[in-house]
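Below is the structure I would like to discuss, written out as structure tokens.
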């Protein structure tokens, strides 16, 4: 795939060393507007470390991360303000706040009321607050949590919590959304819903990076997939390219192609079953692709 | 008002229904049963005593007047505070027996100040809002007195302190050069720091010939004030203060302070503080190889000082002549023991007893058989100003500032595990 | 020079005492993340128990033989302290295990107030300080150093020895024994520990009992060393001990001991050398604590908190 | 060898303890047995409740002690002679009588009778305990309530049994669902209910404060038990009202009409000086309550909202107080400058705020309980600095005494005030001032809490990393919490200095920080009325327990333990916290609470209420 525009997010030679242990070695990535990028790799491959470098939680030992050409600061709060939002692998909502308040907190970065305005609740303050509330309610509706805005986050079902986390991240008006295992622990129906949600987010013009274990999910979702193994970028390219790469199959999937194929087929069936609508063609095609690739090997 | 609220609350619960009638019948039955069933025992005991255990009946037809006490009754200074309370109780009871205030029964009301100013203020306000409180004995701590004084002054209530030693309470900040009475309602029966500290310095430097003295203080109002006055006089007498140290007010390990003065090789230690720290301090100093006499004020003059580790040769000043020399003191001690109080009379029991007597005797004089009213408060204060009697601690009389004129002081020394009188005299200033 | 060495020695003695109490804090905190403010009061009660044992429970003929009197005091103090610690856990803290985090803290403060008042009101003469007998060798050890002498009580040596040996034994016990493993497992994840056949309740009770035992040992040593006790010592030493535990890194046995020694030495040397004199000695301890925590937020030997993401 | 004296005493003590434990265990066993036996027999409710109620009514009429107390009206007529006049019962015996009557009536009324019976049973037990234990202690042993002088005084024992029986009747079947009344009532009705309720609340508060004071102003010797009896009774009454669904309804009503109820509450608070409690004494306490409440609300920002445990908070109050003292023109102050109070208060707030920011700065790196110890350290450093007169600003051990009262327009704030023919107690102006201040602080807190800043604080409390990932500059936000909280404390400190008239280092001990923290936690973290209630409780309770003299601090500690045991979320928890704790109920509350189907839907009571 060729870059038609300048990348939104670009990582160049990002390396991270923890006390002599290299967690990341010269990883470079580019993310373009309207793109969904998948990041896969076995456990301990450095996916989350890479994420933390992108979000400013870690400062890379070497290399740089830029957002629209500007280098990202090394403070998570300022990274978020700059336009990179994230979700967490294990859900990190504010459990004792309502769904709406959670999203409002996400709105924090785009609001400007200081302590003085907060104290006096003047007209300008109230306008800003009303705007934030409106936007938050829109986002709740967007992710499908309409009517649950007064519910405490901790009382929401698991899948809803994941979606609420995404809504909260979207509330920061990000240019890039980083999703850390957004479907972990979900059942097939929920996974499919998540997939549709991510497409919808992409359609609003936000570039998305997804970390997942679930390769089938990634291959069915992303325009572009990067494979991290032991802190190195092994392969990157379209799902077709990655899926067909023998190194990926050996190093990452670690099992014979037939088995993978079977799994993918099963996944496609489940997805088709669960939704009963569009989307069936995609995984089925992929499975076929994989089949031919595997066969040619 | 009480019954009204209760009834309305109860009525709220009653939605009149058929069943309520049943309930009402039941209740009525129960009440009737109760009334009938027990009426038979009526008159089983006709009155439970006269309510007073006075051996001779005084005339108490005009009601009850209250002598207030403000002292720490809980917390770590309660030993001293309870001694004060009990002694006032004793004095009040004796006054009742002797009909000191004709027409009135006297009562003691003790309030806890927890040794903190704002709790003391609350206690003082509580007493001052009772029109029957004639006077207050207290406080123990000078810092509490500072918050109590203006409150009692506001109501023109007499206050006699058994234990405040800070000179500024009576004579203002510049008490040496420009004394000025602070509160005309305030008196005290104990000696102030400037007297005691000065007298101690006279003795320790002049008589005992100690020229290199270390001072340790506990950072509290009493100890700091005493030590400051001691220092002034000691330096005037030609002694050198070779080292100073402070200890924490609740500390028990004094090795840091002792070691820090040990290098200066003092030949005596003056301690500004009270016996719970002074006893262990003396012992630990000896343990650490600093075996010199330790001297302090009346806060040390307690048998527990010895029990807690005071060594032979340690010294304490105290106000008044030695107790053994005074019949009034012996009478007080005997009476206190006879009452079998749970707590010891402690360092300020005698002063509190005297203070309470000041209040009740002056009251008797001011009333002179008349009726108590707010207008009598001024008379009472006038009577106190003119009060003069022999108390448990010696002569009790006040000067124009409200301070005790009893400037007699005694130095005591620990000898063979007992207090012995060393010298008695007055401090000229 | 002699003064400094003397101060150092005194600081180490104080530190040893604080370390012993800090062990109790650190273990209880390590296992249920509770600042057991009442631990200081257990220490205080055990001193009173030791004094009472000496005064009322051993025949006069034994009183002058410390080889008999000291173990008796220890037994009395340990019995009281352990029973108290266990009761406290059972009736005050266990019902609150799932309550908001600060509820047990307030309970701990309430319990300590109650213990203090019970002793103050019921123990004869406890309204002010009472005397505790030495019950140990009363001969000081005098060491000559350049510029003077350093005087050490026999009890000082005993204190330092007991705290170090005690900490080593405790460390071995926690790392080697079955109960020690159970404690560590419960500390990390009570639910998983339960699945592994560890009874968390019993383990927690045991931890409290062990803390009580250490407090009692500290209490007896305190009593025979300083020969005085009042109801306020629990609070004072409780604060020091908790500070020591935090300084060393809460949950670490080594940290508690070293934290204790640091506090003892800083307090005495700070009072000697730094401006303000002995009055400000506590201030230096706290300033050191703040500095350590700002630059090493997990304490000296604590596990660094991982940045979770 | 002689037996040392301790052993026999110890043996006796252990024997007593063993007996007590045996009795408690036996009672518990009996309780469990009867509960099990009654569990599926709802029909047994009436007979048992009636039996218990009748017994309570009888008990109220029985004698309670065997002798007449020396003086004072404790059991106003302690012997058997009062039966001439069975309706003349007063005091705690009236409470017992009323509770007994309600216990008899409740099963016949359309109310959740078992809940009501439970509340009444517990109330009766408390009443019986208070009024049995007190004569035991004050009257010198069991002779006070058992046979002596030829009279049997088993009123207390009978009440205890009655309470136990009534409470047992609540075990007949599961507790009913809590009735849910519809709060959507006509505005006028709602206003009327709110006004009446708040006025009743005001009267009850005044009544409680006044309990145990004789008409002539003397404090009754038995004020302690009188107050505790009243407390037990009010507890039972509140429990019954709650069971009735009334309290929940009232809460919902006041939340619906927030502005109105706040207004009524403020008016009621300002009306307190006009009630029986309008004495100099209670005004002083009320001002101190106000000072502590304002400070506790400040602390609530730090602890309740931002989740940063602070154990040295009293220092900020102290800083404010010392600043005010120094600018008050007091003779002992270092500056000898007198500024108008408003200006002084602002300076005090600002200086305290600056110190707050300094104390808060370690929060950038230090977390959780480590932070608690850092703040404790700051508190102790402040106290030492104040004690040793740092910079000559604190007066050291001698304190700064004789601070003049606030004086506006020639009116001395500590003097009494006369409006028309009503003479108000001295200190009433301070009371008004502090009420205005507390109201202001409450508004500040509420506005901040429901703002961008407040949400950021709560987010930091809930999950700091996630908050940062949401673009919240957590460091700034936390320091801001300390800064604003400390400012509020400094403001309160300025009033404190003038009202107490002396500022001494020993007013700012660690225990005071604990009191503040306890106020926040007791009231409910993050809750505004909670902090005020907590402060009021922690200052008023010890005052009411004054008459227990030596034992007051013990009971204070006990009260803390008991409240935390049965209501760990605080007395008036924040809405969020309340919900959160409802979920945790599985382990946090006594077993019997678990069976309560509190769900508002589908209950008959709800239908009734509608």
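Per-chain numbering from 1; labels A, B, C and D assigned in written order.
Criterion: a contact is a pair of C-beta atoms (placed from the backbone, for glycine too) under 8 Å apart; a residue touches a chain by one contact, two chains touch by 3 or more.
Every value quoted in this text rests on a predicted model; they were computed, and no experiment measured them.
Chemist: Taking mean CA positions as centres, which chain lies farthest from chain D?
Modeler: So the farthest one, by centre of C-alpha atoms, is A.
Chemist: Taking all protein C-alpha atoms shown, work out their mean, then name the chain whose own C-alpha mean is nearest to it.
Modeler: Smallest centre-to-centre distance to the global C-alpha mean: chain D.
Chemist: Distance between chain B and chain D based on Cα centroids, please, to the nearest Å.
Modeler: 32
Chemist: Could you please state the distance in Å, as a whole number, between where the Cα atoms of chain A are centred and where those of chain B are centred?
Modeler: 74
Chemist: Could you put a whole-Å number on the gap between the CA centroids of chain B and chain C?
Modeler: Computed value for the inter-centroid distance: 36 Å.
Chemist: Counting only residues that touch at least 2 other chains, which ones in chain C make the list?
Modeler: 117, 235, 279, 282, 307, 309
Chemist: Please list all residues of chain A that touch 2 or more other chains.
Modeler: Each of 55, 57, 88 in chain A touches at least two other chains.
Chemist: Would you please write down the residue numbers of chain D that are in contact with two or more other chains?
Modeler: Each of 387-388, 465, 550, 553, 577 in chain D touches at least two other chains.
Chemist: Write out the stretch or stretches of chain C touching chain B in their complex.
Modeler: Contact set of chain C toward chain B: 2-3, 6-7, 10-11, 13-14, 17, 117, 120, 125, 127-131, 140, 142, 148-149, 151, 153, 226-233, 235-236, 267-268, 271-272, 277-279, 281-282.
Chemist: Any idea which chain C residues touch chain D in the complex?
Modeler: Against chain D, chain C makes touches at 29, 33, 35, 52-53, 55-61, 92, 95-100, 102-107, 109-114, 116-118, 121, 235, 239, 242-243, 246, 250, 276, 279-280, 282-283, 286-287, 289-290, 293-295, 297-299, 305, 307-309.
Chemist: Under the touch definition given earlier, write down the residues of chain D that touch chain C in their complex.
Modeler: Against chain C, the touching part of chain D is residues 1-7, 9-10, 303, 309, 362, 365-367, 369-370, 372-374, 376-378, 380-381, 384-385, 387-388, 465, 510, 514, 517-518, 521-522, 525, 550-551, 553-554, 556-561, 564-565, 568-569, 577, 581, 584, 586-588.
Chemist: What part of chain D is in contact with chain B in the complex they form?
Modeler: The contact residues of chain D facing chain B are 50, 53-54, 57-58, 61-62, 67-68, 70-71, 78-81, 83-84, 86, 90, 94-95, 98, 100-102, 104-106, 108-111, 116, 149-151, 200, 203-204, 207, 216-219, 237, 240-241, 244, 246, 276, 279-281, 283-285, 288, 331-332, 387-388, 396-399, 401-402, 414-415, 425-427, 496, 499-504, 506-507, 509, 543, 546, 549-550, 552-553.
Chemist: Can you list the chain A residues touching chain D in their complex?
Modeler: 55, 57, 75-78, 80-81, 85-86, 88, 92-98, 101, 104-106, 108-109, 111, 113-115, 117-121, 125, 129, 132, 152, 154-155, 168-169, 172
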